[in-house]
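Sharing a structure with you now.
A, B, C and D are the chain letters, set down in written order, and residue numbers restart from 1 in every chain.
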Amino acid sequence: MEDKKKPKSTSEPEKPSESTKASSGVESADEVVGASAEGTGNESKEDSVPRKPQKPTGPAGATSAKKNPPKRRPIKKGPTYEDLENDEQVQFLRERFGDDLDSAQSFLGQKILTINPASLFDALSFLREELDFDYLIDLTALDYQGEEKRWCLVYHLYSYSSGHFLRIKSRICEGDVPASVTPIWKVADWLEREIYDMFGIEFSGHPELKRILLPADWHGHPLRKDYDIKLQDQSWVKKHLKIRKIPG
Amino acid sequence: MGIDERAFQQNVVTTTVDSVVNWARKSSLWPMTFGLACCAIEMMAVGASRFDMDRFGAGIFRPSPRQSDLIIIAGTVTLKMAEVIQVLYEQMPDPKWVISMGACSSVGGPFDTYATLQGVDKVIPVDVYIPGCPPRPEALLYGVMRLQDKIDQMSILDDKRLVVSS
Amino acid sequence: MMETLLIYLLIPALKIGVVVLVLSGAIAYLTLLERKVIAHIQVRLGPMRVGWHGLLQPIADGLKFLAKEDIVPARADALIFTLGPIISLIPAFLVFSVVPFGPPDMLQGILSKALGFLLPPESVEQVVTNSIASGGFVTDLNIGLLFILSVSSVGILGVILGGWASNSKYPMLGALRASAQMVSYEVALGFSIIGVLLIARSLSLVQIVEQQQASGIWYFAVQPVAAVLFFICGLAETNRLPFDMPEAETELVGGFHTEYSGFRFSLYFMAEYANMITIAGLMTTLFFGGWLQPFPNVSWLWFLGVIPPFMWFSIKVFLILYGFIWIRGTLPRFRFDQLMQYGWKIFLPVALANVIVSACLVWLFTLRG
Amino acid sequence: MSRETILDTRELEINMGPQHPSTHGVLRVKLFLDGERVQDCECVIGYLHRGVEKISENRSYIKCVPYYDRTDYIAAVSNVYGYVLGVEKMMGIEVPEKARYIRIMMTEFNRISSHLLWLATHALDIGAMTVFLYCFREREEILKLFEALFGARLTTHAFRIGGLWKDFPAGFEEAARKFIKEFPDRIDEYEELLTNNRIWIDRTKNIGIISAEEAINFGLSGPPLRGSGVDYDLRKIRPYGGYEEFDFEVPVGNNGDTYDRYIIRLAEMRQCCRIIEQALDGLPEGPVRGKAPKIVKPPVGEYYSGIEGPRGELGYYIVSDGSAFPFRVRIRPPTFISLQALRRLVRGHLVADVVAIIGTLDIVLGEIDR
């Protein structure tokens, strides 16, 4: 995987395969875009979009995504993902983690690092200890249903001492159990519980991983793309509310 | 039963008692301190200076369901909360009234999702529905007045609450 | 025979009836007063629609409670649950049997006119001169103050029992708080009275007022520290803000009466307000000259005598009650441990010091004259 | 029989909420008490979980906006602001100068109204009920302004992608000026009732202390964080929407207790007045609606738009797949995160303090549960 560092800036064809492996669908698309910023513009972006509609956002989302790309894109040149390999911090991290740092990009000025889940915890604690990213702003997940690595964990970090803002992403497969970051940031406690509740991703080493927003005995994880927005857990309703079925 | 049913029909005594009791009940509607979401903020505004629900005798918000006559369902009722609302409603002493304030508690409002109950009337009986998202404070005051009209039609002869006619 | 019956049974019974009625009315309208005063402090209007400016509001509230379902929670101790509010209300009324509203000869004029039609003049004379019949009080116990202290402490039992019998956690906590608070403030309250006793040399409330008349000065001027202490402890005794720990709405929902509904709840409600009136009446009697006008012996203030003694008493009680309400509209609530600290570490030592200082002073003055 | 004696004590588990007067909605806190002292607590939330994030994935970008009004209904304007800024940034939409100013102004008005509501309920929890009604009196004035400009009092749908719905109505500017002229006196009035009040100080000083380090570790933001002495205000650190043009201070506390947080919020309200005044003075002429497409389709990408809401850092992490529907909108709820600290804050305090600490975190359940 030594080639990973270079291809990003130089060779284009290898990108798609790499990105499906490591970074998120969104990113993969824009990685291409990022590269294309150096090359010529829009074609690569177009080919990136059709790969997306795997996710059923509901009927409208899927169809519009399909319709959309060929028509409007060329008119306006939106922001693109830019490569960040030359960034000082990134190089520092690259030295430390080598290939585990899958990619480093920025979008609209926000730095995004994609890290291999295997060394995610190490990388985060390294960021916390060595680079002083002491503030975990947010932790959430994305669902790329249909892809091999279904989940993408997204960490937003901030460092009070240096004022840097950083987004860490990590793609994991369904069934993977990433390590909880509660030992590093206490704030992660509820955030991870929420992810567990909404997506069904379990974290190892979490003090009490249980549902937080939905009732404890609810079935299903609503923020998964395959969960219908109106799907109510009728067995729960039957058990807890003294009504047989919620009509409608 | 053996008792002539006509004995319990409306007569001068019962109607007079009715009017006195109904007057007392409608003049002293103590709501429960119970807010759910956005509408609860408007409900607080109704209790505060500019609108002042206390003018109608309905200003003493009781925190305990045992001491309140009126529960204003102010906000989205989720399924998780519906369970609690049922208990709260049962804890209130009779006669008790329910105002469903706002679109969410009446029909689910804009939140047609997995977690929300589409109308609180699916779990407890509702006397007055107030539309709006959230309703203006005046709307809640009007709702309270409509409830007072409804209470006026009650009779002590009925154990259960009267269904409002027309 | 007839005279004795009149003096010791009929007229007192009548007076008791009147006192109970007036007191109930006062309690009812005190709730309205509180709502109106607080509303106006808060830039609101308060009850406006039920009767003229809400004048019928207390009646509506009371009637509503009567017509309300009376819930006894399934796991509550039904007997004690019922007894609680009653135990709490009765002492509040009982205390008023010894609080004088007017001088011992207050009813002389009315009585002599009323009885003049029925009885021979000498019997009328006999009845009228007896202060038990003609006094502006139900009775004049020579241990009146002691009676009040002992009876009013029984009221706490009602609160504790009610909280315990509910078999629920919030009422339980409320009852615990109530017992701790009332017991500790009772001590300071008792000590604050002793200063007055030392000067008046009597436990009879009537005599205390008469002593104030004799010395020409209200005891407030002689015992300012005791008066302030009494007021504060009175607030605590009646669970008023800033000492409304036992029923702190925002912490314990309703405190000891969380599980009470309907009429039983209204009894607690009445007991609270009755206690307020009691404390205000006591304070008036002990420190503000009871039925006396201001500066009772200053002759050029004769025009103040136009207002009858009973009215003076009422005015003073009203003003003190207004102060209670005013404080409720202004101050935040203490925390429970702070309340206990103030009780034991500040009020009790101050009350003790006050007793010692007054004792020394009294001893010095009596030694001289 | 076991060796239980009469002196044995048991932990009392007490349940606060979801219907409790001082949990500000439907928060449920399980308290484990030793006497009146809190040993531990557990928050149970989700009683107002309406699935806003799921809804966002099923609505178009424009239709999402009203839902964010309703996530944090007390600071609806700020909430919409954060999202709208994010989408505009991704789309590269230029917002007219005047709209920018009005947006900042209304957001600051919203901050005042939110802090007023906080002060009202916080004071009520501690037992000062008059402050509650005073605050509502002033809040009504702000709501009148909202109503004049946005057409609604509470859930305002304040900003559109690309600008505003419409310009000021006649008389709005005078009313706004009148308000900010009078308002500092009103703050003095509250301070008179509370700031030097012995009971208020007793109830809030040294209650719920949290050090700067811990506050950061717990992810606190907004006044709770600044109360601990961390000078973190997104309006200064990552200025958005043109805040860098305004001159204001960020009040910072040093003890990190409830009293400091109270002082900070009051000071913030005064700063809001300053910002509004500057915005009114420097209000440029021109249109208030920028050029925005009818169908909003941000390009493929992701953006985290964080703003300083009244309760702290309010973030929208918008992920677009190029369609008219967001792939995901993650709301970074400030009080969902700060509520976690409750467990740490209440330990060792009394029941009455729990109420004060819940109040000082300024939680809004709509935003916690979403």
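Quick notes on this structure:
Everything below uses one rule, namely that a contact is a pair of C-beta atoms (placed from the backbone, for glycine too) under 8 Å apart; a residue touches a chain by one contact, two chains touch by 3 or more.
No experiment lies behind these values; they were computed from the predicted model shown.
Chain pairs C-D and A-D differ in how many C-beta pairs they share in contact, with the greater number at A-D. Chain C and chain D, compared by their mean Cα positions, are separated by 46 Å. Chain C has its Cα centroid 69 Å from the Cα centroid of chain A. With centres set at the average Cα position, the gap from chain A to chain D is 27 Å.
Between the Cα centres of chain B and chain C there is a gap of 37 Å. Shown for chain B are the residues in touch with two or more other chains, namely 33, 48-49, 63, 80, 113-115. Residue positions of chain C touching 2 or more other chains: 42-44, 249-250, 253.
Chain contacts: chain A has residues 213-215, 222, 227, 229 touching two or more partner chains.
Each chain pair that touches appears in this list: A-B, A-D, B-C, B-D, C-D. Within the complex, the chain A residues that touch chain D are 25-26, 29-30, 33, 45, 48-49, 52-53, 55, 57-58, 60-62, 64-65, 68-69, 72, 76, 78-81, 107-108, 110, 112, 134-138, 140, 142-143, 154, 156, 160, 163, 165, 167, 185-187, 189-191, 194, 198, 211-215, 222-223, 225, 227, 229. For chain C in complex with chain B, the touching residues are 35, 39, 42-50, 54, 56-57, 59-64, 67-71, 249-250, 253-254, 257-262, 265. Taken in their complex, chain B has these residues touching chain D: 32-38, 40-42, 44-45, 48-50, 61, 63, 65, 75-76, 78, 80-81, 84, 88, 110-111, 113-116, 133-134, 136. Per the touch definition, chain B reaches chain A in the complex via residues 79-80, 82-83, 86, 112-115, 117-118, 122-123. Contact residues of chain D toward chain A in the complex are 45-46, 49, 51, 53-55, 57-58, 60, 89-92, 216-219, 230, 232, 237-238, 297-304, 306, 313, 315, 317, 319-325, 327-328, 330, 332, 336-337, 339-340, 369-370.
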